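Structures incoming, each one as structure tokens.
Look for subunit A in each of the two complexes below; its partner is subunit B in the first and subunit C in the second.
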Partner chain A sequence: MQARCIYFLERLYLLIIFGFIATPITMIVLFSFNKDRFPGFPWSGFSLRWYEAILNEPMVIESAINSITVGLSTALGATIIGFLAAYVDYRYKFRGKTALNLIVAIPPAIPPTVMGIALLAFFARIGLFGELKAIAIAHIAIASSFAMALISLRLKELDTSIESAAWNLGASRLQGIVFVILPHCRTAILAAFFLSFAVSFDEFMIAWFVGGLNETLPVRILNLLQGQVSPRINAIGTLVFALTFSLVASTLWLMKKKQPTT
Partner chain B sequence: MNNYSDNLVLSKNISTKPSIKVRKGRWFPAALALPPLLWQFMFFVLPMFFLLALTFWEVKSYKPVPAFVMDNWIRILGSSSFQKALAYTIQMSTLSSIITIIIALPAACILAFRINKKHQPILIALLVVPVFTSYVLRTYAWQVVLSPQGLINWVFSHLGVTSIDMLGGAFALQIGYLTLCLPVVVLILTFSLLGVDRSQLEAASNLGCRPHQVFWHVLLPSIRNGILLAVTTVFMLTFSDYIAPLLLSGSNPPTLSILIVDTIKSGAQWPRAAVIGIVMMLFIGLVLWLSQLLSSKEKR
Partner chain C sequence: MNAALLSLKNISMEYSNFIAVDDLNLDIKKGEFISLMGPSGCGKSTTLRMMAGLDNPTSGALYLDGESQLEVPTEKRGMPMVWQNFALFPFLNVQKNIEFPLKMQGVPSEARSKKAAEWIERMGLTEFAKRNISQLSGGQRQRVALARALVTEPRILLLDEPLSALDSHLRIKMQTELVRLHKELGITFIYVTHSQSEAFTMSDRVVIMNQGKVQQIGTPKQIYRAPNNAFVAEFIGMNNLIPGAVLRLEDKTAEIRTDLGIFKARSFVGAQKDTPSKLVIAADCIHLDGSGEQKISGKISGEEFVGSVITLFIELKNGQEFKVQKQQHEVESLNLKYGADLTLSWNAENAFLLAS
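What follows is the complex of A and B.
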């Protein structure tokens, strides 16, 4: 009896924790389909009008396109930088290796406000301020850390002697990478691409500071939230959730997948 | 003749030791390391040092110009609004660290030890997803829950309780901080609990330890480093958070991040904002150093 009671209390506790985490997301999704203009209770009926409304908002559409452009550039850049850093760490020993690992790993831990002013002042100085390029450059510096972590995780599963065997059989170092390392890491590389995109797509502080008039979607959302809040924000939010959810879920799925030995 | 000696060398190699063909030449690894090194140096290390230099610059006709003056440091460190914001931010971050650990630890214990192993990965995935999912929107959604017309007050009104405005204070701020930190902290603690040798726990209870004794004297000490990592993570995340104070506590009183943004957006006082930024980095460094001191040195 007591054991069942404890079992029940444990499940209840987990339910409350997961409920707390899910509440905000549920709220946004629910109210995006609400007919009423104000997010009051109870719900006043089903409607898709807020989704239609965002189609007629050029600033939202434009910021979404900006976000996707920046996100794709970031994903590409961060995956390349992250792969190179992970491979060099896996394959070679050299002086200053720890320093290289650290400058790739640390950026996400720096307060975004601090990174924000540092990059704002720096980009203003070198004349990149206010361009989408600047946002992507900064996002690559941050997202590489995640890409490197995912790819390193997968490289650890590969015995270093396998690539040496390829060299022994006459492969050049570039061929070793192309025919041994890349095939082994392909799911992790794809995962790194997705996660880097998600990180960039969610980042608002640096994008706000260095983007000037070029707004990304999170920056637009923040600006919308500081004005008269419309339920359109819930519709935008639901779409954003749907995208990031699928990106992060695919990342997790790809990283879990057992690599078929080729 | 030449051919013959080549073969001889080869066979000698095979007989003595397996020949590992060592690819020499340092240009190749250097070429691979160069892009990450250059990129991170240009767009991370350099801007951070530039930030430090900026704290000594002057602002002339709304533009920061190179100089070496202490004026920004004196003004910021001496201003009462900065001191208040610093004290308030430290206070709120510390409080959040305590609250988050207390709420997360039981959840992590259940997830690590009391859940069917089949369900564990999916529950862990459910914690990872929110970490990367629009924190701005999740925080905003709490407005809908906590506001006078919100979900909680709607429930209250049916229970006959008078409505209360929960927005705009330390309570709402802590809810925002929990939204930011809870999934990460449950993950950190769950993984450090999964690393604990369970036979130790069983040994302790076989030797007559009561459950609470096992918890305090065996379990907690063995996840000490995990707890420290969780505390520093909460501190770092909340210390630099801009969204929860902006959307939930109405920036009143302001935190350091609010102060930085205000300093930048209200004119060209970048050097002063840089001072606040450097102070934030120093505090985070201090917290990391403290947790390093407290962490148990032995490697498991």
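What follows is the complex of A and C.
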């Protein structure tokens, strides 16, 4: 009796936590399909009108394309840098290695406002301010450390003797990376790519500071909100959420996938 | 130049806080099966890695057929290694693993699979060719590792404790297979192990190492019957050592004074009066029936029974332990009891002195 009671309470507790996290998102998704202009219950009926509305808004489309461009560039850049950093960390021992690992971990820990202002000053000085490139570079700085963490995790499962064995069997350093390290890390690399994309796609503050007239989707949402509270925002939010959620879910799925390690 | 295939000249490997290999000289002949043996940390694996080019010595030279090798990168040395943990590529199947070195050499795909197929058949892996490494047993992995190393037909095969990951039954079986492979291929096997039985069973010559230095090089029999120094005598197990000082020197024999008495034994080169040395008596040269001329007494403190041979542990009156190895039926007929007093004896010709 008591055990069942505890079991029940545990489930209830979990449910409350999930509810707490998921309710706001659920509300956005629900109201994005609501016919009525103002959020409220009861629902006045199912409609796709807000989705149609955003598709007819050039600035939203443009910002979405910007977000995807920046996201893909970030994913590519961060994955390459993250992989190289993880490989250096895996293969070499050198003075200052701990310091290097610490430096890589810093960008995500800096408050975005501080990072945004700092990058604004920096990009203005080197003449990159207001360009999509600037946003992508800033996002790469943050996402690289996540990419490195994911790939490092996978590399740790590879006994260092396996790459040495490849060299011993006639592989050059480059062939060792191409034929041993990359095949071993392929899912982690894909996961790092998705996660970096998601980090960039969601990021608002830095994009707002350094983007100038080039708006990414989160920046567009804020600008819309400042003008008026429209259910179109719910529609955009739902789409952004759907994309980010599937990216993160793919990352988790890839990292959990069983792979031969022996 | 002698006929050495691989020559190590004054090779040293120094780290900031210790010396892994200390001024090592070794000539390895073409086609021989040579083992490097010693306790862990003696530098045997480091020596092997330096031959393969995976580590670079801090000083010294390495010659293959008279050609200096230290400038040659690992991938060009052509001395494949069989690793302790096999180091197979987990994301490739058996056949792809075996093809890997050929692929690195740029052999076209068709020739690659043909060559790999030969080795797959030779190693009895036909039904496993398309399997993943994780689906193989330890013995099968060992065969894949061997095939992968031998597929390029190297002149030298390096083996780093290749049997230590297998269970004892399989280890014996693989020993036979290795000896057979060595005979059939006629190439040089350089084998690192801490196991005396593996080294002695398979090798033409054994190199005993300790603390980065070569202690003795010789055939298994030479090392077993005539250890060079006290370390070797103790390391190879079934020897009893009593420390003492040289008392009297004659032509080839000497007398040593120990705290268990004065004993006669064969002397060593360069022995001097009063030099500290050790008296060595092999465990299987000791009699229990008092028939030897040199005598010592003690109590039975234990026994180790491994089939036909039995090892008795005898506690001497100074607390030292003596090992006696006998046939089981011989011991049984003596009807010995734990704690019983016993006279051990041996003949002076079976005892020898070593510098300590």
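Brief remarks on what is shown
By definition in this document, the second predicted complex is superposed on the first by the 259 of 262 C-alpha atoms of A that agree within 3 Å, B and C clash if a C-alpha of one lies under 4 Å from a C-alpha of the other, contacts with A are read in each partner's own complex, and residues count from 1 in each chain.
In this section, a contact is a pair of C-beta atoms (placed from the backbone, for glycine too) under 8 Å apart; a residue touches a chain by one contact, two chains touch by 3 or more.
Predicted, not measured: the structure shown is a model, and the values here were computed from it.
Shared-chain residue A:180: touches subunit C; no touch with subunit B. In the superposition on chain A, contact of A:189 is made with neither subunit B nor subunit C. When the two complexes are overlaid on their common chain A, residue A:75 makes contact with neither subunit B nor subunit C. In the superposed model, A:117 lies in contact with subunit B only, and not with subunit C. When the two complexes are superposed, the chain touching more residues of subunit A, out of subunit B and subunit C, is B.
Look at A:162: by the touch rule set out above, it reaches subunit C but stays clear of subunit B.
Of the two partner chains placed by superposition, A:254 touches none, neither subunit B nor subunit C.
By the touch criterion stated above, A:147 is placed in contact with neither subunit B nor subunit C. The intersection of subunit A residues touching subunit B with those touching subunit C, taken from the two complexes, comprises 164, 167-168, 172. The part of subunit B that touches subunit A in the complex is made up of residues 19-21, 23, 28-29, 32-33, 35-37, 39-41, 43-48, 50-51, 54, 64, 103-104, 106-107, 110-111, 114-115, 121, 123, 125-130, 132-142, 144-145, 149-151, 154, 178-179, 182-183, 186, 236, 239-240, 242, 246-247, 256-257, 260-261, 264, 270, 273-274, 277, 280-281, 284.
By the touch rule above, subunit A contacts subunit C in their complex via residues 159, 161-162, 164-172, 175, 179-180, 183-184, 259-262.
The touching residues of subunit A, counted against subunit B in their complex, run 7, 10, 13-14, 17-18, 20-21, 23-25, 27-28, 31, 38-42, 77, 80-82, 84-85, 87-88, 91-92, 94, 100, 103-104, 106-107, 109-122, 125, 137-138, 140-141, 144, 164, 167-168, 172-174, 195, 198-199, 202, 204-205, 209, 218, 221-222, 225-226, 233, 237, 240-241, 244-245, 247-249, 252, 256.
On subunit C, the positions that touch subunit A within their shared complex are 52-54, 73-81, 83, 85, 87-92, 100-101, 103-105, 132-134, 148-149, 152.
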